[in-house]
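Note that subunit A is present in both complexes that follow, paired respectively with subunit B and with subunit C.
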Partner chain A sequence: MLPATPADGKCMHLFLQQVFNGVMLGSTYAIVALGLTLVFGILNVPNFAHGHLYMLGAYVSFFLMTLYGFGFWTALIASMVILALVGILIERVVYRPLRDKPHINSFISAVGALMILETSVIVFWGPQGRRIPNPYPGTVELLGITMTYQRLLVIMAAIVLIALLQIFIKKTTPGTTIEAVAQNREGAMLVGVNVNWVSSLTFAISTATAAAAACLVAPIFMISPTMGALLGMKAFVIVILGGLGSIPGAILGGYILGLLEAIGGGYLSAAYKDVYAFGALILILSIRPTGLFGREVS
Partner chain B sequence: MAAIKFLRKKWFYVLLLVLALALPFLITNRYHFQIVIMGCLFSISTLGLNLILGYTGQASLAHAGFFGIGAYGVALMAKSGISFWLALPLSALLTALIGFLIGLPTLRTRGSYFAIVTLCFGVIVSIVAGNWIDLTGGYTGVVGIPLPNPLSIPLAGEINFQSLVAQYYLVLAFLLFTLLVMHRLVYSLLGLSFMAIRNNEVLAGAVGINPFAGKILSFVVANFFAGLAGGIYASLMGSISPSTASFELTFSWLVYLLLGGVATLAGPILGAFAIPVLMEYLQSLVEYRLIIFGALLIAVIIYFPRGLMGGFSTLEERVRAFYGRRRGAKSAVAG
Partner chain C sequence: MKGSKRFAGFVLFLAVALVTVWPASDAAAQGVKEVVIGYTGPISGVAAEYGQDCLNGIAMAVNEINPAGGVTIKGQKYQFKLVKFDDMIDPTQAVNNCRRFRDQYKAPAVFNPVFNTLAAMAKINEEKGNEFLIMAYTSTPKVIGIGNKLLAAIPPPFTVYVKSFADVAWGKGWRKAAMVVTLGAYGDEWRHAFKEYWEKKGGQITADKPANYYTETDFSAPLTAALATQPDVLLIGGPSASTALVIEQARGLGFKGGFILIDQAKMDYIDNILKGTKLMGNTIGVAAVALSPTVTAPAFEKKYKSIYKRMLTWEVSLNYDAMYALSRAMVAAGTVEDPIAIRAAFPKAFPLTGDKFPVEYWGITPGGRMEIAGSVQTIDQAGKYGPVKLVVYWFKTEKEFNQFTAQATLVGNATWGFFKFEKDE
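Up next, the complex of A and B:
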C-alpha cells in the first residue's frame, strides 16, 4: 500500500487514493475468486490449494524472468500455460478419485496438496521474499492521486481477462459445456458431454487465471511462499459470500473486499486488515448459513 | 476372579499402561523424553479433534486456535500469580465457552463451509494474538511462564515439576483423563447420536436427535480438550507465540488423526506418536517433512480412509477368520 499522509484539505485525495488501491487489490481478488468459483461452484471441488497455485504462478514467472531472461508478458503467458498443466495434474491426482466421496475428504486431500506446494517452493527456491522487476516504472498524477503504471495495468488487465473469460464461457462450445455441467451434471452426460474432460478444462482455466493474477501484481508486492494461504482463504470468503458458482458474484465480491481492505486498512487499522474479510464471513454466515446468494452445498 | 477375567480380556491395554508408567526407566535421553511429552500433549488435542471431526463429522480447522486460546489463558493467568491448578481448568473452560459462542453461528453451516469458516476463525485468533500487544506481547509472545506449582500430596510429600519425569507423569495423567472421558462419551448414547449426525444429519433429526445441539456439545468438548492441551503446553514450554495458534498446527494434527485412524480412540494417539518418531528417524529429510506429510495425507484419504487402525482391524479380522476356519475344520473332523 502506498504511504499516504493525511494533510489539511487532502482528505478527499486520501480517500480517492485508498479507493484506487482498493480497486487494484480488488482486481486481483476478482480474478482469483473467479477461478475458484469455477471449480468450487461448478465442479463442487473445494480446491483449498487455489491460493497456493496462485503463489506457484508468481514463482514460475519470477524464475522465467530472472533465470531465462523472459520478458514480462512472455513469462506471464508461459506461467499461465505451466500452471494450467499443474491444475490438470492436481485435478486428476488429488480430486478425481474422491469425486463421489463426502466433500470433507476432498478438503483434506486439498490440505495435503497445499502442504506439498508450499513446502516444495520453500525447499527449492528458499523461504525469503522476492521481487519481480517492475516492467513499467513511472507514475501518473490524476485528480491528486498518484497512480503507478503497473497498478493501472493490473486494473486494465483484470477487466480484459474477465471479459475474455465471459466470452469464452458464453460463446464457445467448450465454454458452454462447462456451463452445462454446472447446470446439470447428469443431463450434460446424457447429451454426450465428457465430464472428465470438462473437469480438466475447468481446472486448467482456473489455475491459469490465478497465475495471470499473480504475475500481474507480483511487481507491486513481494512474492513469498506463504502468500498463497491467506489469498486462498480470501478467495473462499468471496466465493461463499458472492454465491457458489456465480461469476458476477465473484467479480463483485472481489472488488468489494479489495475496497473494504484498502479503506479499512487506511482508516481503521492496517494490522487487522486481514481480519475484516474473515470477520465478515463469520458474521454473514451466522445470519445466512448458505451465504449471501448461496444455495445449499451437498 | 473378576480381576483375572478383566486381565484376560484387556491384557493388551494393561500391558500398554504398565509400559507407559515404566517409560521413564526405559528412556534416559532428555531429547527423546521431550518427544514423548509432546506426543502425549498432541494426543490430547488430536483426541479432541477426533471427537468433532471423526465422530461428529464436522471438520473444525480452528483447533489450533482454541489450543492457542488455552495456552494464552494459562500463560497470562500464571504470570499474574494465579496457581497453575486453578488457571488450567479456568482456561480450558474459557476455551470451551468461546467454542460455544463460535459454534452457535458456525455450526449452522455444513461441509466445506464449516471447514472454511472455522479456518477463518483460527486465523483471526493468531492475527489477534500477534497484534494485541498489550495483552499478548505481540509477535514475540509471552515468555517466562512458570512451571506448574508443586503439588503436595499426603503421604507422598511434595511433587515439583522441575524434572522431565514429573512433567511426563503430569501429561500422562491428563492423557489418561482425556481418554477416559472420550471412552465414556463415545460408547454412550450421546456418542452414538454424534455418529448418527455424522452419518446422516437429516435422518438423525428424524429419529429424535437434535443435530444442532449434538454438534455444539461435541464442538465444546473438543475445544475444552484443545484448551487443556494448550494450557499444559504453555506451562511446560515456558514461552508461547502466535505460532502456537497457527493453522499449520491444526494441519499436523489432521495428519496424525487421519494416519492413525479417524473415529477410533487409539488412532489419534498412534498418529501423534508414530509420526513425530518417524520424523526423528528421517531427520535428514526434515526439509521435506511437509511434502511427505502432504503426500501421505492425500494417499491415506484416497486409499486408506480408515488409517493405521483401520489397517490393524482388517488384519485382526483376517487372522480371526483364519483361526476360525481352522477351528471349524477341527471340530468338523472331531464330529
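Up next, the complex of A and C:
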C-alpha cells in the first residue's frame, strides 16, 4: 500500500503511481500502433484485423509455453516469427489482390479477416480466458510507487523494440526500401524496388511487433478471443491521432493515450475510460486535422 | 414433346427419391413429440464463456432427461430439444430471438442469463396468445420487482450475499471498504446495496471506482485511486476471469487487506486462474460449487468434467437443476404447451434434493424466485478455505427456519444461516 505520508506526499505518490500505470499501458499501445501505422500509413491498407493478429500472437505464445514447454522469451521470439509468416500470408491472400481496387474493398475484407480470426479461435480453443504464467512475479518499490517486475519489463522491452525498429528502418537497406515506398511508390519501383516484397516485409514486421506486445502483456492480463478487438480500435485512434504513417506520431500517441486513460481513470472515473481515447481523437483532429505529426496532404 | 415427358419423369423420380430418402425422425416414428426449449444468451463476444456454461448446464439436463424417456403427459411421450441463439447481451437481439422461439418452434420456455436482456424479454412474454415462460438466471432483486407472472428466477438473490458477506467482514474487524466493481445495472445495484448495508452497520465507504470488467484488463488506475484511501477491504467483482486480474493487480500494488467478491465472481474459478490461493488471503465470496454439501455434488462434478472437459461452475449446476424443475413443472401441469399452467405448477416441482441433484432447491417464492440457499465461504489469511455456510432467506420466522434445518441434511462440515427478508427479492 502507499506509505502513509503527509497529504502532499501522498498526492504526489498517487500521481506518480498513475503515471507509471499509464506509461505501462502506453507502451503496449505504442508498439501495436507502430505496426499499424506501417501498414496503414505506408501501404495504405486499413488492417482492421491488426488487433486480432495481436490476439493470435498471444495464443501462439500460450500454446508454445503450455504444450511444448517453451520458456517465456523463446516463446515470444517464436510467436513473433510465426505471426510474421501469418502477416505475410494475410497480405498475400487478403490484401494484395485488392491493391488497385476501390478502398472500400480492402475495408470489407479486413473486417472479414478479423471475424474469421476471432471465430476460429473461439471454435478451436473455446471462449474462456487463459493465463500465461508470470515469468517474473514479485514487486519492487521505487520513489513510493509499487511496481511489478513484469510491468517494468513491458516498459523496457517497448523502448528496446521501438529503438530496434527505428534503426532497422533508418539504417538498413530493407528498412530504407519501406520508407522509399512510403514516400513515392512509383519512384521506388522505377529505381528497382520490388514493391511486392516490401509489402510482405512491412506486414511481417507489423504483425511480429503486435505479437511481441501481446506476449509481453499476456502474463499481466489474460488472453481471450476478444482481447484484440478494442485494442485494434484504439490503435487506429492512435495512428490517426499521431498522424497517418508517422512513426514518432504512433509512439507519442500511444503514450499519450495510456497516460490519458490512467489519469482520467484514476482521478475522474474508470467508467468512461474509452471515452477519453475517442474524446481525445475528436479534440485533436478538430485542432489539427492531419494529426499531431501528420503531413499536409495535397 | 419428348423433352417435357422426360422432364415430368425426372420430377416424378425426384419426388419418389425424396419421399424414400427423407429422414423419418426417431421421435415421430415412435409417436413421441418434440418440445423445444429456447436459450438466448451470449455465445460469442466478451461474456461468451459465461453464456456457454449456462447452456452446458441446460444441455446436460436435457441429454439426461431424453434417454431416460423424456416426459410423459396424459399418455403422450415428449422429448426435449434445446435450441440456442446468440444475443451477445443485446436486448433487441434477445427479444428477436424470443420471437423466433415462439413463432418458429412454439417454445414454451426460454432461458437467459443476463439481467439487461431479461428485462427486455419480460416486456413481451406476457403478450396474449404469445406467452412464454422466462427462466431467468440472475441474482438481481429487480428481476422479481418487475412483477412478471411468467418468470422463474434461478439463483439466490444477491442481497443474501450482500448481508452475509458484510457481516463476515464486519466480524473480522474491517470498517473501511473501497469498491472497484463491474459496471452495468447488476454491478450498480450491488454497490448501492452494499453501501447502504455497510453504512447502516456503521462502516465507511472510502472510494467507489467502478470499472468495465468486460472490456478492460488493466485495472491499475481505479485500484490505485481506491487503495490510496487505505481501505481494510476491497469490494470487487464481475466475471471471474477479470476479477482474478483485479486481485492480482491489487496485490501487485501492495494491497494487504481483504477482498469481498460480488456473487458473479467465483472463488474456485479465480483460484484456478491464479494457480492457488496465495494472493487470495482474507477473501469472502460464494463457495466453490464442487463443495456444495450434497451427496450428488462430487459425482456430478466428475460427470460434467468428463463430458465437457471444463471446470464445473455454478452456472452449470443451477441451470441443470432449473431444467429439471421445468420438466417436473410440465408434468405437474399436465401440459408442455401452456406457459401459464406450467408456471402455476412450479411449486409442485420441488424439492430437488441432494440425493439426485448437485445443488438443492426447496420451492419457489410467491414473487417467482426458486428457493436455493446462498453458499458463503471465506479464505483465511493463510489461504485456507473455511467451511461452507448455507444461508436461507425465504422463511418468515426463525421457527420455520429451525423446522427446516431439523429435517434437511448437509454433507461435511457445512452449516445453516438465516436472514429474514422483508419483501420478495
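Please note the rule applied: the second predicted complex is superposed on the first by the 272 of 298 C-alpha atoms of A that agree within 3 Å, B and C clash if a C-alpha of one lies under 4 Å from a C-alpha of the other, contacts with A are read in each partner's own complex, and residues count from 1 in each chain.
In this text, contacts are C-beta pairs under 8 Å (C-beta built on N, C-alpha and C of every residue); 3 or more make two chains touch, one makes a residue touch a chain.
What you see is a predicted model; the values in this text were computed from it and never measured.
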item	value
Clash or fit (per the criteria above) of subunit B with subunit C on subunit A	clash
First, second, both or neither for A:V193, with subunit B first and subunit C second	neither
First (subunit B), second (subunit C), both or neither touched by A:P127	second
Touching partner for A:N21 - first (subunit B), second (subunit C), both, neither	second
Partner chain in contact with A:G279 - subunit B first, subunit C second, else both or neither	first
Touching partner for A:I240 - first (subunit B), second (subunit C), both, neither	first
Touched partner set for A:A271, first subunit B, second subunit C, both or neither	both
First (subunit B), second (subunit C), both or neither touched by A:E141	second
Partner chain in contact with A:M227 - subunit B first, subunit C second, else both or neither	second
Which superposed partner A:A262 touches (first subunit B, second subunit C, both, neither)	second
Clash with subunit B (superposed arrangement) - responsible stretch of subunit C out of 23-31, 59-67, 113-121 or 149-157	113-121
Subunit B and subunit C footprints on subunit A, overlapping residues	119, 122, 230, 271, 274
Subunit A-facing residues of subunit B, complex	57, 59, 102, 104-106, 108-113, 115-117, 119-121, 123-124, 127-128, 130-131, 247, 251, 254, 258, 287-291, 293-298, 301-302, 305
For the subunit A and subunit B complex, residues of the former touching the latter	40, 46, 93-94, 97-98, 101-109, 111-116, 118-120, 122-123, 229-230, 233, 236-237, 240, 271-272, 274-275, 277-279, 281-283, 285-286, 289-291, 296-298
For the subunit A and subunit C complex, residues of the former touching the latter	1-2, 4, 10, 14, 17-18, 21-22, 24-25, 119, 122, 126-129, 131, 133, 139, 141, 146-148, 151, 217, 220-222, 224-227, 230, 261-267, 269-271, 273-274
Subunit C residues within the subunit A interface of the complex	43-46, 48-49, 52, 183, 209-212, 215-222, 224-225, 227-228, 230, 241-242, 244-245, 249, 252-256, 273, 275, 310
